[in-house]
Structures are given as C-alpha cells and as structure tokens.
Amino acid sequence: MKVATFGEMMLRLKPSESKRILQSDSFEVAYGGAEANVAVSLALQGDESAYISKLPKNLLGDSALGTLRKFGVDTEKVHRGGSRLGIYFFEKGASVRGTNVVYDREGSSFATAQSDEFEWSEILTGVNYFYFSGITAAISNELRLAILDACKYCGKHDIEVIFDTNFRGKMWTPDEAQAFSKKVMPYVNVVLANDEDFEASLGIKAFDGDMRHGLDQKDSFKAGMREVIHQYPNCHTVASILRNINSVEDSKWSALLLRDGDFFESVVYKLHIYEGVASGDAFGAGLLHGFLHEFKGQEQVDYAIAASVLKLTVSGDLNLVSESEIRSIMQDGGSAMNR
Amino acid sequence: MKVATFGEMMLRLKPSESKRILQSDSFEVAYGGAEANVAVSLALQGDESAYISKLPKNLLGDSALGTLRKFGVDTEKVHRGGSRLGIYFFEKGASVRGTNVVYDREGSSFATAQSDEFEWSEILTGVNYFYFSGITAAISNELRLAILDACKYCGKHDIEVIFDTNFRGKMWTPDEAQAFSKKVMPYVNVVLANDEDFEASLGIKAFDGDMRHGLDQKDSFKAGMREVIHQYPNCHTVASILRNINSVEDSKWSALLLRDGDFFESVVYKLHIYEGVASGDAFGAGLLHGFLHEFKGQEQVDYAIAASVLKLTVSGDLNLVSESEIRSIMQDGGSAMNR
Amino acid sequence: MKVATFGEMMLRLKPSESKRILQSDSFEVAYGGAEANVAVSLALQGDESAYISKLPKNLLGDSALGTLRKFGVDTEKVHRGGSRLGIYFFEKGASVRGTNVVYDREGSSFATAQSDEFEWSEILTGVNYFYFSGITAAISNELRLAILDACKYCGKHDIEVIFDTNFRGKMWTPDEAQAFSKKVMPYVNVVLANDEDFEASLGIKAFDGDMRHGLDQKDSFKAGMREVIHQYPNCHTVASILRNINSVEDSKWSALLLRDGDFFESVVYKLHIYEGVASGDAFGAGLLHGFLHEFKGQEQVDYAIAASVLKLTVSGDLNLVSESEIRSIMQDGGSAMNR
Amino acid sequence: MKVATFGEMMLRLKPSESKRILQSDSFEVAYGGAEANVAVSLALQGDESAYISKLPKNLLGDSALGTLRKFGVDTEKVHRGGSRLGIYFFEKGASVRGTNVVYDREGSSFATAQSDEFEWSEILTGVNYFYFSGITAAISNELRLAILDACKYCGKHDIEVIFDTNFRGKMWTPDEAQAFSKKVMPYVNVVLANDEDFEASLGIKAFDGDMRHGLDQKDSFKAGMREVIHQYPNCHTVASILRNINSVEDSKWSALLLRDGDFFESVVYKLHIYEGVASGDAFGAGLLHGFLHEFKGQEQVDYAIAASVLKLTVSGDLNLVSESEIRSIMQDGGSAMNR
Amino acid sequence: MKVATFGEMMLRLKPSESKRILQSDSFEVAYGGAEANVAVSLALQGDESAYISKLPKNLLGDSALGTLRKFGVDTEKVHRGGSRLGIYFFEKGASVRGTNVVYDREGSSFATAQSDEFEWSEILTGVNYFYFSGITAAISNELRLAILDACKYCGKHDIEVIFDTNFRGKMWTPDEAQAFSKKVMPYVNVVLANDEDFEASLGIKAFDGDMRHGLDQKDSFKAGMREVIHQYPNCHTVASILRNINSVEDSKWSALLLRDGDFFESVVYKLHIYEGVASGDAFGAGLLHGFLHEFKGQEQVDYAIAASVLKLTVSGDLNLVSESEIRSIMQDGGSAMNR
Amino acid sequence: MKVATFGEMMLRLKPSESKRILQSDSFEVAYGGAEANVAVSLALQGDESAYISKLPKNLLGDSALGTLRKFGVDTEKVHRGGSRLGIYFFEKGASVRGTNVVYDREGSSFATAQSDEFEWSEILTGVNYFYFSGITAAISNELRLAILDACKYCGKHDIEVIFDTNFRGKMWTPDEAQAFSKKVMPYVNVVLANDEDFEASLGIKAFDGDMRHGLDQKDSFKAGMREVIHQYPNCHTVASILRNINSVEDSKWSALLLRDGDFFESVVYKLHIYEGVASGDAFGAGLLHGFLHEFKGQEQVDYAIAASVLKLTVSGDLNLVSESEIRSIMQDGGSAMNR
C-alpha cells in the first residue's frame, strides 16, 4: 500500500530559540511543507510514501529533495525546474506573542507550474492513497486544475483521496476556498478540518464562538462533521482536531473522527508545547497510517492524535518520530525518561 | 512630540539559553539599559525619541550607539568619552533559580561623567517629555545632580518629567534612594513604581506582606499611589505593575494607573515568561506612548500592560515590537499563530 | 571530613535545545556520571571530595578529568588506562516526549576494569564517607566485587557507606539488582531509593500503583523505608524523593527522610523543569553535605530537596550551584531576580 | 558634501565558514548590496551618505533598513513597499572552489519598482555626488530609465555622477550592458571598471589575455582607460583594480587611477583573503572619500586600494572599518598586532 | 552500470574550526567512512551506487543511513544490527599541528559482523564494480574473509574489483596488511596506493626518501606501479596521488595513472587546503566515474585529481560536489567567483 | 621542581572566526593572561606549576580559577577579593588587518591589589623558579613593589627569577618600563625579550631597522643579548624569538638563546598562523621546561621554539599541547595527519 502526496516544499528560515527576525544574525534552516511533512511522517512510520512536486534545479532544490530522501520518501516523481524555492520565515512565538510567519513563496517553481506538467496516469501508477491539502489549492489556479485532474483519475482507479482543508488566510479568501471545495469534494473520500477550516474552507459551520476553545464545542463540531457527509456522500470519513489554546506554550488537544457513520473521540492531552507547527500534518499522517494498517476507528483516532501531539515536541516541520514512539504516548501518555 | 531619556547603556553578556556562567564558552551579546530601552520602544512604536548619555569612544561604544540608531533613536545628544562601557552578566534563571545579574559597571564612561557635561538648555530643546529612572540616580552623586538640573530646566520649560523609581538593591540603599526622591519628586509629573519600589524608593508603604503576590494587595497599592499624589501635588500620574510571581516562567501581571485623580485597572494576564527583564521599561514606554497620542486612562493602562507583557516574550533588553503587535494583544490576549 | 565516590564518568552528547539526534549537526559536550556528579556537587558546596574511577589515557579522558578538577574534585585516585570513554547520547524531551538516552558505554575503560585494580586500603585512606550507586554495580561483575571489597574495608575502618540504588532498566534486571543488594546492604549505612528503585533494586514494595504519582503514596513509601531498616539494621538512614510527574516540564517534588528512627518530610515544590537529569545525584550530595555539617534531620531533608530541585534548572549532569544558592531556595522558594 | 547611492539591498544567507548549502542547517544573516555597501563605507569613514532604494514593508525590509541606520546612513529616501526583499545565497569558496552565489532576487520590491517612483528633484536635493553601479542597471528596464533620469538631473544641477560598471554575467549580457553604457556614459563623471568590466560593460578592450593576471597587463589597461576618456569627454576620472588571482585565498591587488589626464598607480598588495566580496564597493567608497576631502590623485588611489584590501579581511558585504584603520594600512601595510 | 562499496560508516565528531577537544563544548556531527564517501561521491556525480555495511538499529545508525540516502546512495543492502556505531573524534590541524584522529570504533556493529552475514550472490546482483579499501580489511579477520569471498564472487561474475590500499597505522601493522594484500591482489583489477601505502600495504617500494615530497619521486613511484602490475597481472590499472606537503594548509597535488600499460600524469595543483581528509576517496570515486563513462586515461586521471583537490575545499568526509564543478576545475583550475 | 608565576588573569571576549565587534552578537569566552598561560603550559607538559594572583569573588573569578585547575595548575595561592575581573576584547585579524585588542582591565581585583597582600615568604615556600612578565609590572606601582619584594626574597632563597619583558605600549611608556627594569634586573637570572622589547623595556638596542624582519637582524640581536649580560651579570640567560612577519597568517619564526656565554640558534619555521597570540608565553614555558629537565642549550631553544610555534595553531591564550606533541614538531616539523 502506497501513499502519494502533492504539494509545495519550502525552505524554512527561523531565528534561534524564540528570537525575532530583527535581532537575528543567523537562521536555522529546515525544509518542509504540509504534504512533504505527511510523506516523511509515513516513511518514518515504516510506510511507503511518495512525494509529487516541482523543485528548482539549484542547491536549494537539491537540499529540499535530499531531506525527503534522507527520511525515506520516494522522490522519483518530483520535477526539477522553475526559478526558485519558496521560502518562509518563521518566528517562534512565546506566551502572548503568537508564532509569526512571513511568506516569501511567490514565483516559486511549484507556484508557477502548469497543470499539464503533472501526468497523473504515470504519476499515480501503483498508488493507493492520494493526499493533498488546501495549501496546494491556494497557491494557483493551475494547481487547482492539477488537483482536480488527479482526483478524477483517482476516482476512476480506486485510489482513495484525502483532503486536508488547511485554510491559510494569508493565501486566499474563504470564498475562493469554498468555490474550490465545491468542485473537489465530490471526489474526496476522507476530509480533515480543524478549527476555522470547516467554515472557511467548506462553508459549513462547525463551531459557535471562540475557535480557541474548540474542545468546549464538541457538539457543534459533530454536527458540522455530519453535515459534510450529508453534502458529500462520497466522503466516508471526517476528522478534526479540537483544542483549547491558552497560550503559545499551553493548550489541550483532542480529536474527533467520524468514520462510516460512527464517531470516535480520543483522550484529551494537556500539553506544554515546544513548537506548534505542522501538527495537523502529523495528524493526517497518523490517520493515513491507520487506514494503511486497517486500524479500527478508536485506534485510528487515538494513534493520530498521539502522532499529532508528539509533533508539538519536535522542532521543524517534520514529525521525526517512529511508530513505537507514537504507541508509547498512546499507552501511557508519555513524558517518562527512557534510560 | 518628542521624548528624551537619560541613562546608562551597557553591554549585556548572557550564556546561551539558561546556562550558567561557569559552564559557558560563549556569551550572547546585547546592549541595553532602562532609559535606552524606553527610547527604543518608543521609536519602534513610531514615536520620536532621543537618548542622552555618555559612551566610550571605542568599538563597544560604537556598537551600543549603532544599536540605538538601528531601531530609530536619535543619538545626536550622546557624548563620547570616558574609559569604558559598563557591562552586566546575565544568567537567565529557570524555575526556582531566579535570574541572576553580575554587575561590572564601575568606572564606566557614564558613571564617571560630571554633572556639568550635560548642558540641558541645549539638550532639551525641542523635547516634550523627559524620562529617567532610579538606576541613573543610583549610579553617582554627579548624576543625581545632573538629573536635578534637568528637572529644574523641565519645570521652567513645560517639559513633562517622568520618573521610573526602579530601585536596585545592589546599587544603593533605600535611605539613599529616598533622600534623592525627596529632592526630585517636587519636579516629577509622572511616577512609576512597582513592587518594592514604593517603599524603597519613595518611602511610602504600598503593600502589606509578600511582594510576590502584588495582585492580592491592590487596595494597599491604591492607598500608596494616592499617598504619592498627596505628598507631591505636582505629580498628576502614578502607575504600577502588580504581579503574582509563581516561578521564573509562571506569573500573573496587571497594572494600576492613577491619573488626574481616577484609577484605571488593566486586565490580568496569566503568563508563561520567556525572558523576564526590562518589562518595566516596556511599561513606561507604553504609558509615554499613551501620553504622546492622548490615550484615555483606560486605553493607556491597557496599552502599557500589553506592551509590558509582550516584552516578556522577547529576548534581550529591547522590546522589539510594533504598535500593531501591542494592539493585537490588547484586543484578543494574543497567542494565535499568524500565517 | 572527606567523601569519596566510585563510579563511571562518561561523555554526554546532546542535540541543542530539545532537538532530536536525527536532525542535529552538532552535539553539546558535557561530562558526567552519577558518582562524579555527587563529587562535584560537594566540592562546589565547599566540601572535600574525591573521585575514584578509571579513564582512558586519551584526549577524552583528559577532558573528563579536567572537568572534575575545574570544579575542585580531588582526582588523584583516578586510574588512567583502558580503551575508551563511555558515551551517552541525550535527547532532551519536551511535553509528552520523554527524555531519551542512547547508551554507548560498552567496552569503556571503567566497564572493563578488574576489581583488583582498586586497592581500597590505599584509596580510602583519609576518607570518611564512601558513596556509590547502583549504576556502578550494574556495569559489571568485577565492579560489583570491587564495591563489596570497598564496603568491607569501610566497615572495618569506620567509613560510612552511602548507596544510591539508582536502578537502570537498560543495564540490568531487577533480579540481578536485588541479588547484589542482598550482598551489599549489610555494609550500607545510608540508602537512597526513589520511585521504582525500592522494588527493582531492593525487592521491597514502597508504592502501590502509578510511580508517576509518588507524592500520593507517601504512606506506602514510609512503610517501605521502615522495611529497609528492618531488614538491614546496619542502615540508619533511608531517603527518598517523591514526585508527581505531569509532563517533562511540569511536576511536583518532595522528599522523605527516615533517620535514626524518625521521619522528616520536606516541603513540596511545584516545578517547571529545565532539564530533568541528575537531580537524584544532587539530592544525594545534599544529604551528604548534611551529614558532613551535622545538620538535624529536618534541615538535612530540606537542604537535600532544595539542592535537588535546583539541579532541575541547570543544564548538564553537574549541579553547578553553591551552598548559598541552595539555602536561598530553602528560605523563600526561589525564583526572585537578583540584581 | 553629501553622497547618495542608488541600488538594491538584499538579504545574504551564508553557510558558516566555507560550508556548502547542501550540508548546512543554519545560515549566517547579513544585509548588503553594492550601493548600500558604498553608503555604509562612507558613513563609517565619517562622511554624509544617503541611500535610495525600495524595501518591502515587512520584518526583512525593517532589518535591512536598520542595518543601514546602525552604521549611520541616512535612510529618509528609502521607499517602503512591494512584495519581497531580494535574497542571495553565498557559498564562500576555498582554494580551487570559487565562491558561489545563488541569486533569488526576482520579483523583489526594488526589481519591480517603476522609474517614476523616484522623484529625483526631491531625492537629490542637497546631494553632491550620485553613485550607482551596473548591478542596478542590470535589474530592469525601469531602473535603467530611473538611472538615466537621475543622471540628467545631476547634469543640470552640478551633481557629480559616479558609475561603477560592475558587470554581472548572471544578470544580463554584455550587449545589454553596453547598450546601457552608451546611454548613460555621456552623463558620467567618474567611472570604475575592473577586470572584465571594461569589455563587457563598456565595450572597450582593456586587457589582452587572462583576466586572472590583470597586474601583468597594466599597459593595456591604461590604454583602455584613456579610450574611455576619449569616447566620453564628460568623464574626468577612470579607476580600476588590477589583480593577479592565484586561488580563493591568495592574490595580489593594485589600482590604477586616471584623473584629469594623469595616471596614478598604487602599491601592490600580496594578500591572504578572508572573504572576497564587495571589495570593489569598498574601493569606490575610498575614491569618493578622496573626492569629498580633496585628496590628490596619488593619495586617492592609495587610500582607495587600502580600503579595498581591508574589505578582504571583513566578513559580510559591509566594509566595517574606519578612516584611521585604512590610513594605518596605507602607512605600513598593516598586519601588526595592536595591544 | 552500478558500483557497490563495502566498508564502515562512522560518526565523526569534530570541534568547531581548528579547536582542540580539550577546549570544546560542542562537536560538529558528520557521518562518513572511506567506502561510504566513494558511494556518495558517485551518486552526486550522477552515477548509480550502492553501499554494503552493517549499522546499529538505533538513532545513530538511522542518522548514518539517512545521510547516505540524502545524497542518493542505494542503501538496500545495509544490514541493521549489532551494538554500536563506530565513532572518530577529529581535531582539524593548523600549520605545524597535524590533523589528529582519536578512534573509538572497537565493538562497532560492522567490526563485530561475521563474514557469513554478507551473502554476496544476493548483494552483488546487478553490480558492475566492487570497491573496498584497506580500512575494511584492517578492522577484523572476519571482514577480511568477507572481502575475499566477495572478490572470488566478482572474479566469477565479471565484476571489476577496485582496491584502495589506504593503510592505517593505528589499525594494523604493515605485516598484517601485506599478508592480506597477497591474498586479495590476485582478484583485484584496479589498485589505488598513495604515499606510504605502496610499501606498507603492498610491500612494494615506491619512493626513496621523505613521503612528504612524493612529487619529487615520480620515477620511483612509476617503478613501483609497474612492479604491482608485474606481480599481479590480473590488475590492469594502478593509480596514485603524489603530493608535496609543506604544512596543513599548503601543499602540491598531482596524480599518476598506469592503465593498460600506459602512464598518464595529471597537472600539478598548488593548493590552500581547507580540510585535508577523504581526498583519496574522492580520487577513487573520480577514477570509478571515469571507468563508468569510458574516459580515456588522460581524462580519467585529470578528472580524478580534480575531484580529489576539490574535496580539500569541503568540510566533512563527503565530497559534496557535482560533475560540472569537477569539470570546471579541470578546465581552468578553479577559484573564480561565480555570480 | 616547582614554578610559580605571578600576574593577572582576564576574561577574553572574542567575536567568532575573524569577525569584528561591530557585527557580533556573540563572543567566545576564554580566560588567560601571560603568567597564567605559562603556568598552564607547564602543567600540561607534566611540570608542577603554581599561580599567584588575585581574582574577584564572583562567578567570573570562579570561572578563571576553574580554568587553571582544569589544566592542573596549583591555585592555592590565588587570593579572592576586589571588585572585578579584567576583560579584554579580542578581534582576530586577517591579512593586512592586524589583530586588535580593546583592554577593559582598569579597576580589576589584581590591578587594585596592594603590594603587601602578597606574603612572599609564605607564597614562595617550595618554589624553585619564579616567573613574571612586564605586563604585571605595567599594571600598577604597587605591583612593581610586589615584584621587587618577591625578587629580593628569591635572591636570598636560591629561587631562580625569570623575567619576560613583554612590553605593552597601551599600558605604559618605554621610560617607565626601563625605570622598572633598572630596579629589577639585578635580581633576574633569565630574561626574555622579543622584537621591540629590548629597546622599549631594557633600553638596549637590539635591532637596526624594521622589527617585522627580525630574522634578518640576527647579529644586532646577538649584540643586544650580550649587552644584557654585560650590564646585569646576575643574568645567565637571555632568550629571544626572531620573526619575519609578512601578514597576519604568514611569517617565519626562529629563536636565539644565549646561555652561560654560548649562543644557540633554533631552526627557522615558515608558518601559516591560525591565531597569533600568547606564543611568547608558550616560548617562556618551553624554556622553563628545559631548565626543569636540564636540557642542554640546543635542545632547550629547539624545544621552546617548537612550543611557541605550536601555540600559533591553538585558539585562545592557553597552549593546549603536550610535551609529546611539542617533541613531534621538533623531530619532523609537524603537519602530518595522525590516524
């Protein structure tokens, strides 16, 4: 069983610790992106994963590609070309100062790719699951076309389609996102939506008040999840992370899974957060791992949320953990010293 | 409207993270000092600010000066001369180990300056607010004379005088501090006093027990603030940060403002602290920004405490934040990721 | 009064901050080991301490030895020889991800030492307290023999024997540990046991459920401590740290001391943890300092737990704090800024 | 006397030491650009300099601007707007591996600026020297128009125009460069051309063989320089650095100045090079300093080449040296320890 | 055409710059080993290469493996198991202080592997060239057996055998090395020997005096090379780097190739050396690349020495360069800035 | 045989690599001083050495002291007290930019010590050689008195006195230095003088032109050395380093020794210099080692110059090398890789 993910990989530049850009004379270098993160997570958990993207033919593109290969991702389907690697500057927040992202991704090799550069019949041969996120769709109209082409191909070839809605307010508007969702959702089998994603990406109301207290709105979330299935009967699974966020460091996390008509709820984790980024991708990879290994619903949601909260302890976009580490969190909640 | 601040800028040397001096083979370099911090905060918030001091004519003095210029402070009135830049070694604490400062500031260019090196009629031309702290006064008798000269000049030329009492027990005694306050307070229009400052600097009792639980003693603080106005009728405003400190990382912050006879109380922030230094200076700059832009009392205290708690998330002495970042904290308490 | 400790010193390699080995291109270097940590703690608190071990005659061995000397430990009795310095890789955890240790200590100079390389009559001349931990015993049968030889010598020469049980599941089994304890305990005067150590090392049940909530099981711990004295009447003191562990960063710590038939309980510290390693060694050193200076039981347990929680704020294996810093925690719980 | 320079400032990202991008997990951060470098050099040598450019209104733009202010450059005329700060990745070479630059400057705020955004009559008020380089011209047609507008304004208002030809083969072709030169040279009073610049930028042959041995071709250089004056009689000064390059670390440097009909030759420096970048800008700033202070021709060329070779000892694009340090090189060739 | 290399990969720990272990509190992390270096070089030059080894199943083994994958090496044939990853500490020298290596490789997973763990008929399927070095042979008798088994298999299956003699005086004696050579050489088709290797590894005298002046002894080297062919007629190619070493930073490099009876000499490079390690491996990879692409003798030796001297400019064991970068050195000797 | 050295130890703060203070946001930390360097060199070469000084009783003083202990120096005679540790900022030069030192040593604990704080009869018990340098004498009149007291005590108790003239133009004038030399030289048995020291410190002309070409003036140096013996017959040995300095990185070093009437000349080293500081102290320690072990004149000068040039390869003030490493340089000139 093999998963392919489709998206953009970027260079992430981060001041050390929680320093600000204005005071930094060095940046930590990392490479990531939602779909690349999912591919790496799966590979590290022992699954077969492939990445589909376009990277420039220069040293930055080589470095991004090398990062994927290092962690075991199949990169045969990554095109090389275009003029630059997208960049984002990442200021890790602290306390009341939220983490801040400065995007510098315009004109990247992937953002300027044409939809017909991706020959899906060739790319998706041997693939069982196709994963993309709303970020890919937000980049350009051409990429939206490419996604739709891919989804149509999947529909005809028994490839499951997983769509992480992942709304990014700095990239497009809710109206644009919803217009895209209307087109793509009929092909989607599994959808992920957290916090504001339901309303912004899908146009479905899933909460009734402050998104920082998602855990307190479980019922309205469940109603929203059911509404997704109702509107898009091809979709058999909806999953969502619910969180109460107190500060950059301090929050509570849980997950809801609606699969084949049944709801599954994970335990609630009370967390000290080390770096709050890409945990949604880790969650998606956890769900996928569950599908690949035919987990039951409860095991799947417990595994996925454990993968997700473990990501909050790892620096960078990539969830550098193994299946056994995730299982250890599932079993006892983690935190013990291992010596 | 222009603010001038008068004080000492030092080289701050800090082991990385929360390491101790004994185990460090490198120090992070920063430049700061209470009054310089205020000037930088104002400049970054878009205000016109000037710094008055004396720095040595060597590469360390150049670096301190360049730091001020980088962030937009007017440095025309900084003298160059004397023999050295003051230094302080800064061990960031953790949990029960409080942050520790080793001063090495004796004999600095500023500490050895004579009072007549500062020609106030020339320096304060065009200035509307004159700010200094008790640290400047604690350095030497000559600097106390210089402050008094400046205050007298301000009194005659409609320049508002702001005095942050800022008591430092490693620099002088409460008796010395109070003797100075008696002389200078008749010229002061705005006074800032936190925690122990009331009693140590002003000789006025503002709390009744453990300073680590200031929030629980709001009433006695209010009484103390009223007493300041009673003793020094030239002073129209008293402001104070109240905090409950649980550990180096964990505390609650709030502020009280007594302005033209009315009390204003800010909300209370429950905080995870990244680096607990210079937040009083950030508070003072926030208050000044309020005066410069004619904030009402409630807006002023809310803005000032938001500026102050934001400083707790920034490494170094300087509050590297913009007005819009402060306002974002005021509006929703902060912590959200911005992408 | 002089303390000698007997154990292995290793090179500790740690990714920066809480990074993982997989993503690190540099490691922070430190040198430590339970018994070396105790010797350094004592020296920094002004006591006379000596270290007994074997280190390779190469640059790594020189560096380990130099570290001990830097902090004032007498290293005259450290043999040089054998083929390598033991190493351990240390991934500092965060939140639910527990701190992880990868040992690479097989074949080290100390691990391959023969029992007759340690001539106790010469080594222990002038020594009043002999300290070792279960880690030394876990390394090899030869070292177990060496410990027994040393203990017998101590018994005949009025040297107090302190045994920190320090069970390490990656090094030996409870059965092996208990077999050794049966042999050595008749010579031991002071025993330290935390958490699982009671059962794993001594075969005595001291808790009744989840070790992560030791504080909630004070009574069963007391029963276990009494049982130690009952089984080994030569042992006059038993001490134990009790903790409730919520996450890598967040826990509560307290200590129990049973000395000459009386129980002493320390206050409970609610802690944010900076680096959770070697606090048991710091506790042991605190107890020893109490014996050396004839503290009463209550002072002794309060001092030892203050030393222990202070260690949780210091990076590396060594508790780089002074007696006055420990006393400051005892007096007011710490956390205040000192300037 | 005031100098204004017009060009692009970029973020420079460099692996530490001479590491390669492929193996780096951090980049050193610096900000620079040919014309910014000249402005900073002049300010550090005590001259009045202003910078003209366009920077994005984000944290990267703020950082670039702050860097200029730190070193004393007047930044009042820097526009803010557009979408991004240009970036270049800089791999410092070693031995046979030449220093490598990966440009990522397309779409920058400056590169997308329109010529009419620069109102020269307002910008150049109070300016005596206007400096730009061929890099600015290579960026876009709009910027070529802006330069020509500025030059015309200078011609009418007695502002000296200095043009550093600075050919960049990765940015435009010799044909494009020469076409621009034909248009701009009639307004230029001082031209700088090194190595290949003569032929590539001006279409004038100045050497006869290997550019790595410029010192061996002094005569053909002189002929080329005379030809410049011949073709463009408005140009009174031509200056050129001549070098023999043996390896990244090892070369010989000298300079030729043709001013008002007379040739001046500097001494030859045999150099170990620490970082070989931006020394041409340092040379240009040295020449300008000479004009500002009315140096005679010999002093001017000696000062300029000393400034230039000193830059080879400084990391980053900016020549962080003072006039007295440059003069010390002129007097004794440098290298002595100063203590 | 595919190359397989067989050897040990180790963790390399290096103080920053040229610091000494005694003064370092961090080590730079790299992974390498002669045969791994060859495999990486080939992959980066676009060739198909596979690595054969055994790595422990822990985070260090994962990191080593990930490094190979990052740069495109096929790692399917790497066994996982055994107890530890070999380590070497690397002090980069300077001037008269030679680079110093402290080995800590005993007991590694590879060193303790049995010869029958390597099933050559399965491992070498599809392989055209089999490469190993004298380092692998020096590790253990089992590995010598494994090499001989592999060579016999190669002999029967038309796989070319390349042997880099690579004598290591800290690992075995000349007698041991020569005994092994006697056994293996009858199967070897290409042999590499530098400096002392001829005599120490092969027992053939190739120079007549100071090994630091190999370039001055070209004739005796040629005689030695011919003697190799004479003794081992199955060997069609002998290659050797000749160098004159003046100091750690300063030397001259050249190469000799004897192939099918003809001698080819490369140009001589006069070099400033950035990090003098693994250049022999880079040379070997260059030769192999020549065989894979059917270079003529002169092109092959020129390409190989260019690859080798380029390695001297790269930090770490791996030659992180592309074929086009090597060709650029061949063409003009390198050193030019590329912008 | 035991050596005691008397001088000041300082905190050295250095930008990384060859960066300038103006661009540095971290400083490397080291501790050193001429006489401390000598004591450490001797201890690392296996000799017994003690240090005499005064250090402040704070964390900086503890760190300096710990550094000495780490490398085996006896620190029993170091007083603790006074107000601060002296500091010097160290900008490592490159090429024509000489290394630059910014002193910040005024008011240090040692500089403000009184002569009677040093009770020589107690301090020098068991000492055979007493070493000090002109730097100690340059600090204060009180320290000059202390030196004279010590020398008188040595004269009466058969303790050899070694004086390294070490002139520092930033600390005192030649007149002051010569006045001191006149008083102290009658007690001195061994004197070291390099470059300008002869004339500036001793008032004896030893060269006739450019000090950067000392090697070319061997004869005049010899005459100066003989003149020292002539004027001060109590002095049996004069030693001097002669160097030709081409640039910060490139020079030639040699040494002359006049002992008991005979001249001994070392070989000449042509060197690439990594960090050019404290090599005179390394030379002095090498000479002392020669006296301690009764080397003949030729061996002594060869050993001392080898120690000295080895220091040029080590970062920091301390010569972190062993006797065997020095001997290896003596034997073959060094530079070979050791693996």
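Note that the chains are named A, B, C, D, E and F in the order they appear, and that numbering of residues resets to 1 at the start of each chain.
Basically, a residue touches a chain if its C-beta (ideal position, glycine included) is under 8 Å from a C-beta of that chain, and two chains touch if they have at least 3 such contacts.
This structure is a prediction, so every number in the text was calculated from the model and none was measured.
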Fill in the blank from the handout: A-D, C-E or D-F checked against B-C; over half of contact pairs coincide for D-F
Fill in the blank from the handout: With centres defined as the mean of Cα atoms, the chain at greatest distance from chain A is chain F
Completion exercise
Distance between the CA centroids of chain C and chain D (whole Å) is 62
Handout entry: Rounded Å distance between chain D and chain E, as computed from the means of their C-alpha atoms
Key = 44
Handout entry: Shared interface positions of chain E, touching two or more other chains
Key = 17, 20, 22-23, 25, 66
Fill in the blank from the handout: Seen from chain A, its contact residues with chain B in the complex are 17-20, 22-23, 93-101, 103, 168-170, 212, 245-250, 276-277
Completion exercise
The answer for chain E against chain A in the complex is residues 66-67, 69-72
Problem - Complex contacts: residues of chain B adjacent to chain A - result: 17, 269-274, 309-310, 312-316, 318, 320-321, 325, 329, 333-339
Handout entry: chain A-touching residues of chain D, taken from the complex the two chains share
Key = 13, 20-22, 24-30, 58-60, 62-63, 66, 83-85, 87, 89, 91, 102, 104, 106-107
